[in-house]
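Pasting the structures in now, so scroll down.
The same subunit A turns up in both complexes below, where it pairs with subunit B and then with subunit C.
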Partner chain A sequence: MGTQRSDRFDEVEWDEISQSRWFEPSKNTLGVVFCTLPLALLGIYDWQVLGERTATFAFLGTEWNLEGIDYLFGFTLVLFAFYVVAPLYQNPRMTRYYWRQFKRNRPAVVSLGWLGVVFVGGLFGPLVVSAPEQSVLTGHQPPVFLSIDAANVATCVGDVVGGRCQGTLQHPLGTTQGGKDVFASIVYGMTISMQIAFITTTIVAAIGVSVGTVSAYAGGWVDETLMRFVDVVLSFPTLLMFLLILYIYGAGLGMFILVFSLFAWGGTARYVRSKSLSVSEAEYVKAGRLTGATTAQVVRRHVVPNTASSIITQLTLLVPGFLLAEAQLAFLGLGDSAVPSWGQLISAGRSDLSFAPWIVLAPGVVLFLTILAFNFLGDALLDALNPEAEAENE
Partner chain B sequence: MGFGTYVTARVMWAAVVSLIIVTITFLLLAAAPNPEIQRAATQAALQGGDPAEAAERARELRGLDEPIHVRYMDYLQSIYTLDWGWADSRSQPVTTALAEGLYYTAQYSVPWTILTILLGPLVGVYSAANMYSWKDHLATGFAFFGYAIPNFFFGIILLLMFGVWLEVIPVVYDTSVPVFSLANAIQLSIPVFVLVTGSIGAVMRVSRNESAEFQHADFMKTAKAKGVSPLRAYAYHVMRPTLVPLSTTLVGQLLALFLGSSLLVEVVFGIPGLGRVTYNALIAQDTNLVLGSTLAFTFVAVVGNLIEDLVFTVLDPRISYDDR
Partner chain C sequence: MSEEPLMSVRDLEKHYPITEGLFRRQVGVTRAVDGISFEVERGETLGLVGESGCGKSTAASSIVRLEEPTGGEVIFNGNGRGGATRNADGTHPNDVTRFDDRELEAFRRGVQMVFQDPSSSFDPRMTIGDAIAEPLRVQGMDDRDRRRAIVEDLLDRVGLSASDADRYPHEFSGGQKQRIALARALVLNPDLVIADEPVSALDVSIKAEILGLLDELQSAFDLSLLLISHDMSVIREVCDRVAVMYLGEIVEIGPVSRVFSDPKHPYTEALLSSIPTPDPRASPGGIELEGTVPSPSDPPSGCRFHTRCHRVIQPAELDIDQSAWRGLLNLRATAESGAVDVAGIRERLAADSETDVTDAAVKARIRADFDIPSEVASETAERTLSRGLDQIVNGEFEAAADTFSEAFTTPCEETAPERIEHGSGHESACLLHEPDRTSDDGEGAGGRRVSADE
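Right after this comes the complex of A and B.
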C-alpha cells in the first residue's frame, strides 16, 4: 500500500498504491511459493530417485506413500490456506460481517461444522486410524449397541448373548463381509472425497475465471469462439464420455477428477464473463482507467475480487455433483477399485443388505449428509456474500 | 435477426455440437488399441497360430488399415445413417438393442418427467404463496432431501423396505407383465418415486424463489384489488412468468438426471432399459454397443438442449435473438 495518502484523487500515484510491475508477488503469493517448493521437491524426489515400489517416507521408517494425486491435493490445500483462509484472517472486519450474515442461517452453520469434521477427518484421520484390513473371520460384525444372528458371523468379536452376536467398540460401525472395519473405511473415504472436492474446484475455478475474463476483455471473435466452446462444454454428457474413456483406456481416480473438472467450468466461465462485463462498466473501473490503470490491474483488483464470492458459491454447489458421480461409478464397480471411497463401500454391502444393513447405511448416510451440507452451505453463502440480493429483498 | 433465422442458426449449431462430440469419440477410439483385435491375436496365439498375422487380418477385416481420414468419413457416414454395427454380446444390431432398451426406459421416464414438470412448479408456487409457514418448511426440507440423497442409495433402501421386507414389489423387474397393467404400475412406482424425488427438488426451489419475486409485483396488487380469485391470480400472474426462467433449468436438470440416474436406477431395480444395456455392454466389452449407447444418450442431450433454447424463445417474447 502507498506510504502517504494524496489529498486529491487525480494525484494518486498508481505505481505506489498498486503493484507497479506486472508481477510483484503479495505476501500470500510468497507463502504459496514457499509452501509449494518443498512439496514439489518431494514430488520430484519421489518420482526420480525412489523406485516405483518404495514408499515416499521410507527413510523415516514408515510405509506412508504419496502419489500424484496427493501432491495435487497438497498444492490445492496450500492455495486454499493462502487465498481463502489467510485473506479472511487479514480482513477481520469483513470476516466478522460475513460471519454475522452467515450465522443467521442455522442449518448452514451445522453444515459447516459437518464439513469441518469431514475435512479434518479426511486430512488427519488416516494418520490416526489404521487402514481397514481384510480379515474374513471377523466379517459381518454388527455396530456397537446392535446385534446380529450369530449364524451370520464366523467369529464374534464381542459377546454372544442368546444366540446373537453383540457389537463392540473395536468395530464401532461394524465390519463388511471381508471383515473390513466400516468406520475406518468411512474415514479413508473422507480423504478421497476431500481430494475430489479440492482438486476439482481448483481446476474449475482456474479455467472458468481465465476463460471468463479473457472472453469479456478480448471481445470480438475471441469472445464468440470461447463462448461457443463453453456451449459445447455445457452440453457435453460428461458421465457418458467418462464411461467411454474408462472403457477404452481404463481410468483411475486421477482421470476421473481430470475429466469431470475439465467439463464442469462452463457455467463458471459464463458467469465470470457476464460479471466482468458489468463490472467493467462500473464507475470505479472507469475512474481507475482514467488514472491510468492497465487492463491487467483492473482485472486483478476489481473484476476477480468482485466475482470471487459468487464463484465460491457456485463451486460449493458443484462439489456435490462430483462426489455423487464418483459414488455412482464406484457403486457400479466402474470406479477405481484401489480407492476406498464411500461408493465402493455401498456397493460392497449391497449383497448383504437384508441382514447387515449397516454396511450400506453408514457410508450412504455420510454421503447424503455431506452432499446436503454442501448444498446448505452454498445456499447460505449465496445470501451472506451477496449484499445486493439482500438489498433487493428489503 | 428474425425468429426464423434464429431457429435455423440454433439447429445448425446443434448439428455442429453433435459433430464435435462424434469426432471426439472417433479420436478416442482411433487412439486406443482395439480390444477385438487383441482378442483375435490372443485367440490365434492360443490355437498355435501367428498372433501378428491374426491381428493384421482382424484389422483388415474392420478396415483399420485405411488412412485415418477415410476411416473418419466412413465413421461419420455410418453414425449419421444409423448404421451402428452389430452388438456381439446380444447377437443383434446395435440399433435394435437400443430400441429394446428404450422401450423399458420410456416406461418409467415418461411418468417421471410428467410428474416432475407438473408437481414441481405447483408445489414451488404453493410454497412461495405460504412462505415461511410450516408447509413451506416441509416442502423445502423435502426438496433438499431429494436433492441430496443419492438416487441409487435411496433406491436400494426402498427396495429393501418394499421389496424384501414388505414384499409389495418384486425385487427384480418382471418384464413379462403388460405395459398398461396394475402389476407394471406397482413395480415401476418405486423407481419413478426415487427419480421424482431426485429431480423435483431443484424445480421446486427455482420456482419458489422465482415466484416469490412476482407475488408482490404491482400486477398482483392490481389483480387482487380487482377481486380476482387467488387461484386465478396465481395461475395467470405468478405461474406464467415463473415458468420462463424455470424452463431454462428444467431441461438441463432432467437430462443430467436422465443420463446419470437412469443407469443407476436401472441397475438397482433390474430394469432392462437403455442404462442397463450400456452397463452390460461395458461389462461384456462390446465396443459397438458401448459406442452406440453413448451416442444415443449424447444425441438425446443435444436435442434436449436445442428444444430447451427454442421453447425459451417462444415462451418469452422479450428475448432478443441478437444477444444469444
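Right after this comes the complex of A and C.
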C-alpha cells in the first residue's frame, strides 16, 4: 500500500483503491459537530439538572443565564461560522472575486459595515454594557448635548442650566420614562434583532431548501403534494395564527420566531425548486452523475450549493420583514414586554413623544438603518454571487 | 486480444411517453432513438452525425445511462470485461442497460463524456482542480495529495498549467474550458470517450486546436472516441468511421473515406453537399432538403426520410422528372394536412392583377409553388393532378387528398428499408439499393442485405 503510488491518471490501479464508501464528513461538518456537542450538553444540563430559577453559569459564580432561544442562536452562529465564514476563508480566490464584485456597490459596503456593528454589538454588547435597569427617579434624562425642561425630570443626573436639565455621558442617548438607559436598551435590542435574523434565516433556509430540492428531484406526486402544501403555507394567515397562540398560551420571542419562520419558507421552497430544476439540467450535473456519484451526492455537491447562493439574496430580503413585524407587534403591545427589543423601546416612548422624542427616535433610526442595510445588502449579493450572469455579460 | 468491439450498441431505443391530463394517461410516444445499432472498435473514432433533433445526444446519454434506454442493449467490453459470452437466456453479462449499481459505478471508469456547452459544463462554485478531481474522489481515491498530483499532471497534458487548478471556471475561455472538460473525462483513464458536439460552441481556430488535442490524446492513451456532431467537416477531419442518423435511426454507416466519396443514402448526400467548399467559384450546388424534420412522436411510415428525400422512388408505372415527382408528393402531403391556402393565393393574385382571378391562374400558381411543370410528362399523372387541382380550387380538400393519395404513392412510404452492405463495412438503409430494385444509376446492384441478427 502506497509503495507504488503513481501520480499519472493512466497508471492508477483502480482495483486496489478501497471501495469503502461510508460517510466522510468534511472538516466544516466536523467543526459544527464539535461545537454543537458542548452546546447541546450545556442545554441538557440547564434543562434537566438546574432549577427553573438557577442561572446557567451559576457554577462560575455569574448570573448569566441562557434560555432556549439563546441555545438556538448559538447553534445558528456555529452553522454560520462553519458553512458561511469558513468556506469564504478556505476559498480565498472565490472570496476575493466576490468581494471585488460586491464592493462596486458602495451603499452595500456601508450597509455591511453597519450590520457588522449591529452583529458585534448584539453578540458582545451585553457582556460590556450592563443591562438597562429600572430607576424611576432618573427617568426622561435627555441625550448628551441636549436638554429638557427640568419640570419633566424627577432627578436630573447632569447639570440644571436655566431650568433645563442637560444630558450627560452617563446616559448618552437619554433614558426612558422608567429610567432605563436608551443606549443600553438599543445594544440589548441588537441581540434580539440578531437572534431574529439568524434563527429565522436558518429555519427558513433549512425547510425551504429541503422541500425545494426534494420537490424538484422527486417529481411526480411528491412534487405535486409538496407544492400544494407550499400554496397552503403561503396563504396561511400567520398573523392571526400568532395572535391566537398569543391569547391562548401567551407568546414570547421564541414563539414569534417559530411561528413566523414556519410560515415564511413557502417562497424560498418555490424558488429553490425552480432553481434546482434549472441546475439539474446543467451539464456539470450530468458530468457529476457520470462520475458514478449517487443522486444524493450530486444534489449535495452541485445542486444545493448552486441554489443556496442564490437564495442568500432572498433570505437577506426576508429578514427585514421579520424585524419590522416584531417591531410592529411590540409597538401594538402584542409582544413580550420582558424582551428588550427595539420595538418595545419604541412602544415605551410613544406616550412621551411630545417632550422626550429620543426614546422613540433613537431605536427607530437604528431599526430603519438596519432594515435599509439588509435591503442594500440583498441587492448587492444578488449581483456579486452570480458569476455565471457576470460571465455572460462580458 | 479477441476481435470483439469495445462497445457494441444493438437496437438501442429511447422512447419518451407523451402523457396527458390529470392521471398522466399515455397518449403517445416520442421515438427519440428508435433502434440504432453500431459498434465502436478499440482505438477508433466513430462519428455520429445528423441534424439537430435527430436523437444523437439522446443516443449518447442512453448509452452511458444518464437516461435509461427503453430497449436494446449496449455491450461494453472495456474495463477488462472482454471475452464474455452470452448467458443462457440470451442476455449479455456486459450489457450496460442491465448493470447493477456497483457495475455501473465501475462502468463510469470505462466511459466518460465531454459536453457541448463549455459555459455550463463546470460547476461555477468549484475550482477546476476540484472539478477534475471529482471523479477520482467519487470513485474512492481518498488521498488528497495524490488527487492533486494527478490533476496537475493532466492539466499539463491538455495544455494548461498546473497552477490553473485553483482557478474557477469563469476565469477561462471556452476553448480552455473544453480542454479542462477533456481532462475531466480522461482522469479515470476510460477506454471510450463520448464527445457530444465538443467543438460546436467554439471559434474556428480554437475548434482546430481542440480537435488536434483530441487526436493527440487519443493516440497517446489508446482511446476510442464516439464523436457526435452535426458538422460533416469535423467528422471528416477526425473520424475513422461515421454513422449518419436521421429521426432516431441510422441511415448510413461506414468508413469516412467511403461515405464521403460515395454516399449511398440520399440524406448523407444532402448533408455532404452542405459542407462549404473553399473554392469561391464552385457553385454551391447544395441539395436543399425541403420541409422540416418530422416530429419523432409521429415519424413517417416506411423510410422516414421519404417526406424530404430528393430521390424518392416513383411507382413502377411512372417515369417523370424527379423534381416534379417530389413536387407532386409535397402537394399530396400539403393537401392531406389541409394546408393548401387557396384563398390566400387568390388574394395575392388579385393584388397583382386588375382582372378577376381565374381558376386556371390559381392552379398554375399552385403548380409553380410546388415546382410542378405545367404539363407533367405522364398522361395518367397529369390527369390525376388536374382532377385534384380542380377539387382543391373548388374547396374539396378531402376529395383532393384522396385523389392524390390514390395515385401518387411511393414504395418508400410502404416499405421500411433494410440495411444494405456495400462492402468494407459500408452500409446504408435505402430502398434504392435493394438488390431486387434496379435504380437509375444501378448502384444497388452490388448490395447485399444485412441480416438483422448478424
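Annotations
Here is the rule we use: the second predicted complex is superposed on the first by the 364 of 394 C-alpha atoms of A that agree within 3 Å, B and C clash if a C-alpha of one lies under 4 Å from a C-alpha of the other, contacts with A are read in each partner's own complex, and residues count from 1 in each chain.
As a convention for this text, a contact is a pair of C-beta atoms (placed from the backbone, for glycine too) under 8 Å apart; a residue touches a chain by one contact, two chains touch by 3 or more.
Treat the numbers as computed from the prediction; the structure is a model and nothing was measured.
Of the two partner chains, neither subunit B nor subunit C is touched by A:192.
When the shared chain is aligned, subunit B comes close enough to touch A:372, but subunit C does not.
Using the contact criterion defined above for the overlaid structures, shared-chain residue A:245 touches subunit B, although it does not reach subunit C.
Taken in their complex, subunit A has these residues touching subunit B: 228, 231-232, 234-237, 239-241, 243-249, 320, 324-325, 327-328, 331-332, 334, 346, 350, 353-354, 357, 360-361, 364, 367-368, 371-372, 375-376. Subunit A makes touch with subunit C in their complex at residues 5, 7-10, 12, 14, 17-21, 24, 91, 93-94, 97, 282-284, 286-293, 297, 301-302, 305-306, 309, 387-388, 390-392.
Interface residues of subunit C, counted against subunit A in their complex, comprise 61, 64, 66, 104-106, 108-109, 112-113, 115-117, 119-127, 131, 134-136, 138-143, 146, 149-150, 153-154, 166-168, 170, 181, 184, 186-189, 221. Contact residues on subunit B toward subunit A in their complex (touch as defined above): 13, 17, 20-21, 24-25, 28-29, 32, 144-145, 147-150, 152-153, 156-157, 160, 164, 259-260, 263-264, 267, 278-279, 282, 285, 287, 290-291, 294, 297-298, 301-302, 305.
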